[in-house]
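Once you scroll down, you'll see the structures, which are given as structure tokens.
Two complexes are shown next, each including subunit A; its partner changes from subunit B in the first to subunit C in the second.
Moving on, here comes the complex of A and B:
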């Protein structure tokens, strides 16, 4: 088990919070809460050791230069593949978006 | 064509997660989470053992209404650690039931609905989980004096271990075909009795003995339902409306002890012989 932290520049705080997924085999739980304006902070607790690079690449692809909302993101991962992680993150972001 | 339409518009209950299940059965918009995931009351024991914890410890407890009647609802998430109950999840479940009991003592007729998807006690939390399950059982017995305590076992995990006893204590128990209900889980029995007697990977055999259909045929549950949200909700509405006067099964122990005494355990039990025993008794 490993705990990892990431931070990205962001826009204004999201207006609500969201929880999606479950700490089940091949899945993960994502909790989004409004953060401080300008910053997206992500904390990952994962059952898979040595996966920091994989998480960093995934988040960079999603958030770098994308001006995401300011959020505190908690991820509890139980061996989800990058595809599942992205799906869950997009699902959670959709729930906090104002559209 | 109408069958196809029904199929296209059906909404599976089994496929829903714990929170979705609770929300789907309550009156729309009435769900009020008690200790939601953002409260982050999670297991303090799992991470020390290298296991990732879930923010709500896999147990959703909420207040709400069904057909306008006040209920507490608790849903166990079967995908997190097999729906196992540890210290926190067990305390949430027991606490929800105790709230229902308190409401009733104060003249508010709150019923309880338990969505049971659990292998029983969480082995990583051992005695703390067992103690919590004992509290859950005591609380079920208390609440059922006032209002129905309706257990729903939908599957696919089923309901085993100490929580199968809790299911047995419920005033009403509803199952689907996907459900299983038994004291020991299949792998536990296989390990104890041997592969020749009980092959946990033989799914038709396992379901023939512990599945929802068999439990219904034996009169051990009150309703055998299709895996459809509206059907399960309708059954809850009816049960709350007309709970009936039947004695809880756990109060009928004399009848069950008599059945057990008459059962010949020498030949390997199968679905038919078990049904014959229970149905002979009902006739």
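Moving on, here comes the complex of A and C:
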């Protein structure tokens, strides 16, 4: 078990919260809540040790320079592949985005 | 070598892969597992013609290594459905006691089901991979759509077991988590041979 934290510049706070995903092998649970304007904070609790670099690369590809909404993101990971992580994050971001 | 007249399915255990069939970059522990004649686990994923995508399982969650196995090398195959007899005494790990409790109730569903993950591996090989906090991983074959209300009832049953139970529903298109299908999400994660997808209907064939 490992807890990792990441922060990225962001825009205005998201307007609602969202919870997607599922507790279970190869999957993850993602909870998004509106954050402080300007910052995207991500906390990952993962069952896979030594994966900090992998998460950082994934978040950088998704969020660096993308002006994401300001959010507090809580992730509980149960060994999801990067493809699953990305899909779940996109699913969650779609739910908090203004329609 | 016996002729292989079947396509292995995800979660099947296959014997017969040798350490020499791993690629050069494979870790030492993976070579040791195969040198000890332990099976590999079929995983969902593309493989070259005549091969099947597999994973080598070592100790702990970090020791998983993805590879491909030639179909011609398969000497024995055990499917999850063959691993439903826990034979668990009162002193067995919670995952096996949960299996023994659930088995008659799952048999009553009239759908094929089986044991995967650590419990399946231990039942098939005798290698002690379970511990006090191990989950029980199960698979249910659902060739026809499973109503979400039925999924919710089944989940309520699993959640009364002695340990955490993860059940994957195998549809003709891939696999979904029962826990997610039983909930309110309009789109659920479908694991296919071509990667994960979010879909509204996991029984609808998806274009490759």
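Just so it is clear, the second predicted complex is superposed on the first by the 99 of 99 C-alpha atoms of A that agree within 3 Å, B and C clash if a C-alpha of one lies under 4 Å from a C-alpha of the other, contacts with A are read in each partner's own complex, and residues count from 1 in each chain.
Rule of thumb we're sticking to: a contact is a pair of C-beta atoms (placed from the backbone, for glycine too) under 8 Å apart; a residue touches a chain by one contact, two chains touch by 3 or more.
Since the model is a prediction, treat every value here as computed from it, not as a measurement.
**Student:** Is the arrangement of subunit B and subunit C around the shared subunit A a clash or a fit after superposition?
**Tutor:** clash
**Student:** Could you tell me if A:1 is touching subunit B, subunit C, both of them or neither one (first, second, both, neither)?
**Tutor:** First partner only, subunit B.
**Student:** Return first, second, both or neither, reflecting whether A:45 touches subunit B, subunit C, both chains, or no partner chain.
**Tutor:** first
**Student:** Check whether A:83 is in contact with subunit B, with subunit C, with both or with neither, and answer first, second, both or neither.
**Tutor:** Second partner only, subunit C.
**Student:** Of the two partner chains, subunit B (first) and subunit C (second), which one does A:33 touch, if any: first, second, both, or neither?
**Tutor:** first
**Student:** Mind working out whether A:74 is in touch with subunit B, subunit C, both or neither, as first, second, both or neither?
**Tutor:** first
**Student:** Applying the touch criterion given at the start, work out whether A:58 contacts subunit B, subunit C, both or neither, answering first, second, both or neither.
**Tutor:** A:58: touches no partner chain.
**Student:** Figure out whether A:24 sits in contact with subunit B (first) or subunit C (second), or with both, or with neither.
**Tutor:** both
**Student:** Among the options 42-50, 186-194 or 240-248, identify the stretch of subunit B whose C-alpha atoms clash with subunit C after superposing on A.
**Tutor:** 186-194
**Student:** Kindly list the residues of subunit A that each of subunit B and subunit C touches, one partner per complex.
**Tutor:** Common interface on subunit A, subunit B vs subunit C: 22-25, 27, 47.
**Student:** Which residues of subunit C touch subunit A in their complex?
**Tutor:** So the residues of subunit C touching subunit A come out as 61-62, 117, 135, 137, 166, 177, 179-180, 183, 185, 187, 189, 191, 195-198.
**Student:** Would you tell me which residues of subunit A are touching subunit C in their complex?
**Tutor:** Per the touch definition, subunit A meets subunit C at residues 20-27, 47-50, 79, 81, 83-84, 87-88, 91.
**Student:** What residues of subunit A sit close enough to touch subunit B in their complex?
**Tutor:** Those residues of subunit A that touch subunit B are 1, 17, 19, 22-25, 27, 29, 31, 33, 45-47, 74, 76-78.
**Student:** Could you list, by residue number, the parts of subunit B that touch subunit A in their complex?
**Tutor:** Subunit B residues touching subunit A: 17, 36-38, 47, 50-55, 58, 77, 79-81.
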